[in-house]
Amino acid sequence: MKDYKIYIGGKFISTQNVLEVINPFTGKCFAKTYLAGSVELEEAIVAGKSAERTMKSMPAFKKFEALMKISNEIKKKRTHLAEVLSMESGKPIRYALGEIDRAVQTFLVAAEESKRIPGEYLSLDWTLPGEGKEGWVKYFPVGLVAGIAPFNFPLNLAVHKIAPALAAGNPIILKPSRSTPLSVLELAEIVAGTSFPEGALSVLPMDRKAGNQLVTDDRVKVLSFTGSPLVGWKMKQEAGRKKVILELGGNAGVVITGSADIDHAVKKCLVGGYAYSGQVCIHVQRIYVQDSVFDEFAAKFTTEVSRLKVGNPLAPETDISVMIDKDNADRVEEWVNEAVNDGAKVLSGGKKKDAFFEPTLLTSTHSDMKVCSLEVFGPVVTLEKYRSFEKALEYINDSRYGLQAGIFTNDLSEMDRAFSELDVGGVIINDVPTFRVDHMPYGGVKDSGLGREGLKYAIAELMEPKLLVKNKA
Amino acid sequence: MKDYKIYIGGKFISTQNVLEVINPFTGKCFAKTYLAGSVELEEAIVAGKSAERTMKSMPAFKKFEALMKISNEIKKKRTHLAEVLSMESGKPIRYALGEIDRAVQTFLVAAEESKRIPGEYLSLDWTLPGEGKEGWVKYFPVGLVAGIAPFNFPLNLAVHKIAPALAAGNPIILKPSRSTPLSVLELAEIVAGTSFPEGALSVLPMDRKAGNQLVTDDRVKVLSFTGSPLVGWKMKQEAGRKKVILELGGNAGVVITGSADIDHAVKKCLVGGYAYSGQVCIHVQRIYVQDSVFDEFAAKFTTEVSRLKVGNPLAPETDISVMIDKDNADRVEEWVNEAVNDGAKVLSGGKKKDAFFEPTLLTSTHSDMKVCSLEVFGPVVTLEKYRSFEKALEYINDSRYGLQAGIFTNDLSEMDRAFSELDVGGVIINDVPTFRVDHMPYGGVKDSGLGREGLKYAIAELMEPKLLVKNKA
Amino acid sequence: MKDYKIYIGGKFISTQNVLEVINPFTGKCFAKTYLAGSVELEEAIVAGKSAERTMKSMPAFKKFEALMKISNEIKKKRTHLAEVLSMESGKPIRYALGEIDRAVQTFLVAAEESKRIPGEYLSLDWTLPGEGKEGWVKYFPVGLVAGIAPFNFPLNLAVHKIAPALAAGNPIILKPSRSTPLSVLELAEIVAGTSFPEGALSVLPMDRKAGNQLVTDDRVKVLSFTGSPLVGWKMKQEAGRKKVILELGGNAGVVITGSADIDHAVKKCLVGGYAYSGQVCIHVQRIYVQDSVFDEFAAKFTTEVSRLKVGNPLAPETDISVMIDKDNADRVEEWVNEAVNDGAKVLSGGKKKDAFFEPTLLTSTHSDMKVCSLEVFGPVVTLEKYRSFEKALEYINDSRYGLQAGIFTNDLSEMDRAFSELDVGGVIINDVPTFRVDHMPYGGVKDSGLGREGLKYAIAELMEPKLLVKNKA
Amino acid sequence: MKDYKIYIGGKFISTQNVLEVINPFTGKCFAKTYLAGSVELEEAIVAGKSAERTMKSMPAFKKFEALMKISNEIKKKRTHLAEVLSMESGKPIRYALGEIDRAVQTFLVAAEESKRIPGEYLSLDWTLPGEGKEGWVKYFPVGLVAGIAPFNFPLNLAVHKIAPALAAGNPIILKPSRSTPLSVLELAEIVAGTSFPEGALSVLPMDRKAGNQLVTDDRVKVLSFTGSPLVGWKMKQEAGRKKVILELGGNAGVVITGSADIDHAVKKCLVGGYAYSGQVCIHVQRIYVQDSVFDEFAAKFTTEVSRLKVGNPLAPETDISVMIDKDNADRVEEWVNEAVNDGAKVLSGGKKKDAFFEPTLLTSTHSDMKVCSLEVFGPVVTLEKYRSFEKALEYINDSRYGLQAGIFTNDLSEMDRAFSELDVGGVIINDVPTFRVDHMPYGGVKDSGLGREGLKYAIAELMEPKLLVKNKA
C-alpha cells in the first residue's frame, strides 16, 4: 500500500496522524498519507513567509520555465495520475483523464500569464495639481496564499489555486480534501523538481484545528476556498483582514427553447447532468424546456439517461459509478424520496445501492423541493416545461445561487435578454452551464461565491496594485 | 453678402482668389471666401510646424478645457451654424441640425479622450537578456496633419479631422471642399478663441496646385482624406513618406431577413437611402430582401419613398431637396437611364429637375449596372430578392467596396455568419449601414479606405508609440 | 438657524431626533439636521432596492447628462458650499474651496467614466472543447451600495462614494459623519434635481443602531467605508456576504534625499504636514532626511512651520485653525506630551488651546512612540535623519500602515527601489504622500485598507462581471 | 554540395535559375538553391490566396500547436541551423546560436499571442441614436502577406515576418536575401511538417522582376519589408493599395553621462558596436560621452576594441569576422578614409583585408561625415565628447534616422528628458540601442521606418478590425 508523505517547505514528511485513503468503488483503503496538525501548519506558514521575497523577485522567464516544466511533467504522467485520481475519487477514468488534461492546460496558461502581469499608465494632469506628473501602476504579489480544495476535482481545482499563486509570485499552502489528497501530493513531487524555492508550495491534508487556523491566521494574505456555500460564507466571517475568494456551488439551470437543436441539447445535458454523478459545482440540476418541444426533448433525454453505462470507474466504457461516499448517496436518496412524496415523478433512476445512486430524472417538481432549491451534488436532474421565455428566466433566477446557466437558442433577442437578466456569473448559449475552459473567468454571484478564477482573473485577485506618481525632479 | 476670411496660423486673411459660394437650392451665390495658393499654404505649414512643440507639451487639462469650449460654443451657435451649413450644401435643415449636434459630440468626446491617451507597461524579462529591464510605451503626437474634407458633411467630417488632431496634440491644416467651406470657417473662429496656439489650426480652401502640394509636402506627417475612392488611392501613391488615412465611399448593402421587424426596417431604410439625397458614404444603395417577406417590404417601402417631402432645405418639414450641383444630378440620371435601358424597373421616382433628383427605387437590376457596382452618391436605391442567407452575403460581398453593411435579423447564427463573412468595416445588426455614432471605429476595407476614424481610433492613428526600456542603473 | 432635512428615497424629511451641527471654531451650533433611525434606514433601503432596476437600464447618455449636471451645479454653488463646509468642519476656506473644486472634478470624471464601463472579448478555443465558442464579459451594477464618509473631507470623500455608485448604475445610501452632514445634504438637493430615479441616493446621518444595521443588512451589496482602521476592520467582520471596501488611515512617511530640491520639499511638506491640522488620511506624519541635507532642511522647515497663519477658518489668509473638536486636540496633546517625556524634542509648536493645536514639529523620536506608530490625525510631524537609502525605506515600512509614501529624489535607482520595496498603495516621487488627484487609484495595504477608489477603480469595485459564452447555434 | 529546393504552396521545387550560396569567410560556394521568377511567384500567390479561408478559420489551439511545434523543432536543430546560418552570413557562431535561440522565442511568443487576438467592447449609447445598441470589435486576418527579409539576421528577421503572419491567420510569401536564403529554407521544411495548410508559407529567393511584382501585386494585402531605407521608401510608393510596414536602418547613438557605470557602458557598447561587424540595424554607430568621464571611457573602450578576437566565424571564440561581402567592406573603407581625410582620428582599427574590416573607432568626427550621418552598417563607431545633456540629445536627434537610442544615466530627470525629446522608436536606459527582445515593439520614426514589429504589435498590423453593431431585434 503506497505511503504518500505530505509536503511542507520543500520536504516530504510524515506525521503521527495517519490518513487512510479509501477507494469509493471498492470501499477499501488503497493508500495512506498523513494529517498535518498545528505544528506542521506553523512550519508551512513559516516556510511560505520565507519564500515570499525570493518569489517576488523571480524574473518572468524563470517562473515561465518552472510552470512549463510542471505542465509537461503532468502530461508525461497522464495515465498514472488519472488512475490515482480515479481511485481516490471514484471518478470514471474517462473524466479523470480529462481532468489531467485540464491540469496540463491550467499550468500552461499560468506559465503564459506569468509573463503578462499587467501594468498601467495614467496621465495625471487632468487638473492643475497634476501638471508635470504621470502615474504608473504595477501589480505585486500579495504574499502567502491559503488554498482549500474539494474532492470533486481533486487535482484541477487544487491546480486552480496553485498555478495562479505561483504565476503571481506568491507561495501557497494547499489543503486538499481529506478524501482525495493523493493526486495533488503527486503534483507536489513535480513542483519539488522545479526551481521554485522551498516554501513556494506546501500540500497538507489537515486536522480540523489546523484547518481552522489556516483560515484565521493573519500571516496568510488571501484565502481561496472551493467548496460548499455554508462552509465558505462562514470562513469569510472568520478570515480577519485577509481577502477571501469563494468558489461555491449552485443548482444550475438550463433553458431549451423552440429554436434549439434538440439532439445537441440532449447530448450536452446528459454529460452536464450525470458526469461524475453530478458531483460538479456547475452540474445541470434543473432543465426547463419550452412547451412546444418539451415532449420531444423529454422522450429523447429519458432514453439516453437510461442508457448510461454504470460500472467500475477504472473501466474505460464507464459513464457513471459510485458517489464519493455512502453518506452522500444516503442524502441524495432522502431528497429524492422527499420530492417523490411531495408529488415529483421519476422518469428514470431514483434508486440507491451502497454508495451508488442511479442517474435520476424527475419531473412535476416544484421550486421548494430540496432537489430544486438546494445543491443536490448528485446524479439528479429535474425536467420542467415553460411557456414564455420570460418565465424561463424567472425560474432560473428563482434560486439563492447564481453560478452559470445554459440557454439553448438561436434567437438573438433571447440571448440578449438572458445575458442581461440572469443573475449568474456566466451565461452559456447553446451549451450547458457545466461548460468551463480553464482560462475563462469563472465564479458565482449571490450565494455561489465571491471573486473569479481562471488564470488571468485568479492572478489578478492574488496581486496588489501599487501606484507610482512621478513628478519632475 | 457675407465675406468669410480664411484662417492661417491664427489670422483671418483674404487672398486675390475669390471663391463664390453657391446655395444649391437657389443656384445663387450667397457668400464669398478665398482660395489659398502656394504662398498661403506655405504660411500655414510654417505656422503648423512652429506650433508642434507647444502643442506636444500642453497638459491634458488645457487641451480638455479648450476642446470643451469649442464643443460648448458650437452648441450655442447651433441654429446659425445649421443654417449656414444648409445653405452651402443644400442639406435639409433637420439633418443640418443633426450634423451640428454631432459636431458638438465629436468635440466633447475628443476632449474626454485627450485625457486618456494610453500608455503601456511591458515586462521584458521573458528571456535572460531582458532580466532587470522593463518597458513603458507612451504615445506622442506625430506632428503636422493635413485633413481634406468633402462637401457632404461640411462640418462634422472636417471635425473628424480637426478634433482628434488637436486632442492628440497635433497642428492641422484643413482643406474643406470648395463647395462648402463656410461652416468650417465658422468653426475656425471658435477655435481662434481658445488657448490652442496660433498654427494649431489653419482652414484653407485651396486651388488645385496648393491642394496637390499639401499631399506631397514632406513636412506633413499624416494625410487624412475623406472623399472619393479614385482621388484617395491616387493620393496614397503621391504621399511620399507620410502616413495616409483614407475614408472613401462604397455601395453599402442591407439584408432584410424573414425574422426582421419589417416596419422597423422600412423606416430605417428610408432614412438610410434618401437622407441628403443619398450623398452619404454609407448611404443604403442596395437592399436584399428574403423572398418570404419581399412583397411586404417592397410594398411598404415603395409607399414610403413616394411620400418623402421635397422642398427648400431650410424648411423644417423637408425630407429631401436638391443635390450638391447639377453635374451630379446629371450623372445620376445617366446611370438610372442606363440601368432602365438594361432592364431595371423603376418602382418610384427616376426623374430629374435641374439639380433635384427624385428619390428613386429600382428593381430587376443586376450587379454590373453602375447603380449597383459603383458609388451612386445620389437618391437611388436598388431592391432585390434573395433566397438563402448565404446568397445574400455573397451579394453584399460582390463589390469592390466594403464600408458597412446592415442586416435585419433576429437569428443568432445569421448574425454570426454575417459578422464573420462580410468584407466590410462594420456590420450593423437591425439597423442600416448608414448608422454611425461619432466615437465608434469607422472606416472601410477593400477599395473603401485605409485606417479608422472615431475619436479614440483617429487619435491613435495620429500618434507615434515610443518605447522606454529601463535597465537597472 | 438653517434646518437641513435628510434625504430618503427622493424626499427631504425630518425625524424626531434632532442633530445640532457645531462650528468647531466658534464652538456654537449654527444649523440643525436629523438623525435617521431604523425606520428611516428601512425606507432608504426599500427605496434603494426599488431603484436598482431603473438605474441598471439607464442608457449611458442619461447617466452622463445627470452626472454632468451635478458637476456643473456644484461649480455654480462653489462659494456657498465652501462656506458651509468650512463652518461644519473648521477647515480653512482656502482648502474648503479646493475641496469643492475636487468634487466638481470627481463628478465630471464620473460622468466620463459612466460611458466607458469596460467589456472584454475572450477567445475560448484554446483547447478542443472551446472550439466554435467565444466569450464576452460585461460588467453589471452590483446593486444597493452603502457609503460611510468621514468628517475630514465632508463633501469630496462622500462624493467618492456617490459619484462612482451612480456612474456604475447603483443606488447608494450615504451616511455622513455626524459632525459634518451639511455639505453632503446640500449635494442631495442637487442630485434631487436630476433624472436619477428616487432612491438612487439617500443621505442619512444615523444613530448608532441604524449605523450598525447598515453594515449588516444583506440587501446591501457593497459597503464602502472611509474612516478609522479600528472601526473599518471590525465592519469587515460584521458585513456578512457583502463586499467591503476600506479606505483607512496611516502614518505616512516622506524621504528627502541628497539629490532633492530642498526648497521644493520644504514647501510641499508644509502643506502635507499641516493642511487642515493634519486631519487627512495621507497627512505627512514622518519625515526622514538624508544626513547630508538634514540641517538645511530642518532649519528651513522649522522656520516655515512657525510662520503658518493661525485664524478663523473663514478668513482667506488662514493656513491652520481648530481641530474638529476638543477631544481630538486633547488626544494629540497627550501623545505629544508622552513623546516629549520619552525624549522627543519640540522644534516648533507643541501647545494646545481649546480645540486648537499648534502646528508641531518633533525630532529625536523613536518608532514606538504613538506620534510615530499610530495615526496622529493632528498637526504633528516628526523629523529624523537617515544615513543609507535602504534604511530610509525600512523606516517607512516599519509601520502597521501602508497608504502612500513620498520620496524626494532625482536618483533613478532610488526611485526604482522605493517603488519595488515600499509596502504602500502609492509611492509619490518628488511630492508628498498627501498627493491625490481624484481619478487616480487610491487606497492602502496592510492595516490601511482594502480595495481602491478613484473613479474608474471605484466603479470597477461596484460592478459584477458576467461572462457570455456563445456557442454556434 | 547541398541542394536547397525553394518552397511554394507546400512543395519543394527547383527552377532553371540556380543561385549559388557563398560562404563569405572562405569566399567559396558551399550550397545551391534556386531563384523564383514570375511563374513561381504566381504559383505562390495563387497558393497563398487559396489558403486564406482555411487559415482564417483555424481554431486558436491548432495555430498554437503548430507554432509551438515549429519553436520546438528549431530548438532541436539548434546547432545545425546555427552552422548553416553562420556559413551563409559569416556571422560568428556565438551570435548565430543566439539568433537561433531568438527564433525559438519568436515562434513561442507567436504561439502564445495567437490565442490572445484581442477584441473590444464598445458602449454606443453615448447619444440618443445609440440607445439600445452595443458594439463589439474583432480582428480578422488581412489576407496574403509579402515579407522581404535582409541578410543580417537571415533567420530571425524572416521569422519576424512569418511567425506573426501565421499567428494572425495569414498566408505569407517570404523573400529572403539572395545572399542568405538557406536557414529560412530549413525553416520552411519545419513549417511543412505542421498542420498549416499548403500555401500558408512560401519561401522564394527571387529574381529582380519577380521581386518587383511581389511589391506591386494587388492580391497581396500587406508588404512587410526589412532592409535599407532607400529601397524601403521606394517600395512604399509602388505598393498600390496595400499596407506597407518598413523596418529600415539608422545611425543609432548612445549617450554616456557622468552618473553612468562606465565599465558596464564599455562592455555594452563593445557588443553594440561590433557584433556581426556592425551589420545590425541598431548597431551603435555614434557614442557621446559627458566631458567629465570622457577620458576614462575612451581609454577603457579603446583597449577593449583592440582586444576583440578576429577569426573564422565557426570558431566559438571568434568575436568578429568578415563582412557579408567585399563590396561592403570597400564601401566602409571609403567612408572611413573620407572621414580621416576630413579630420577624423582613428583610435583603433581602420584597415581592410578582403571582406574583413577591422573593428574601428573614430573620434574628432563631425556630423556631416558619412560615418556619422549615413548608416555605416559596418564595424565603425564614432566617439565624441559633450558638455550639457541638452546638447547630447540634440546630437542624437541631428539625424535623418530615428530607430533606437541608448542613454547610460542614473539621473531621473535625464531619463525623462531623453524619453520625451528623442525622436526615435525606442529609448534604452542603461543599455545600448542595440537592445532588442523579440516581443517588444520595435521600429523607427523619421527615415527609419513605418509601423512596429514585435509579436503582438506585428500581429496587430496584419489584422483588420471589424465592428459589430448590435441593435435590439
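Side notes on the structure shown:
The letters A, B, C and D name the chains in turn, as written, and every chain counts its residues from 1.
Here is the rule we use: contacts are C-beta pairs under 8 Å (C-beta built on N, C-alpha and C of every residue); 3 or more make two chains touch, one makes a residue touch a chain.
Computed from a prediction, not measured in an experiment: that's the story for all the values here.
Ranking all chains by how far their C-alpha centres lie from the centre of chain B, first place goes to A. Between the chain pairs B-C and C-D, more C-beta pairs are in contact across C-D.
Centre-to-centre separation of chain C and chain D, using mean CA positions: 51 Å.
Separation between the centroids of chain B and chain C, computed from CA atoms only, is 45 Å.
Counting partner chains per residue, chain C has residues 115, 122, 126-127, 130, 137-138, 409-413, 415, 429, 470, 472-473 touching two or more of them. Within the complex formed with chain C, the chain B residues making contact are 112, 115, 411-413, 416, 470, 472-473.
Chain D meets chain C in the complex at residues 59-61, 64, 115-123, 125-128, 130-132, 134, 136-138, 409-413, 415, 429.
The residues of chain C lying in touch with chain A in their complex are 101, 105, 109, 122, 124, 126-127, 129-130, 133, 135, 137-138, 233, 236-237, 240-241, 243, 259, 261, 409-410, 415, 419, 422, 424-431, 435, 437, 439-442, 445, 447, 450, 452, 464-473.
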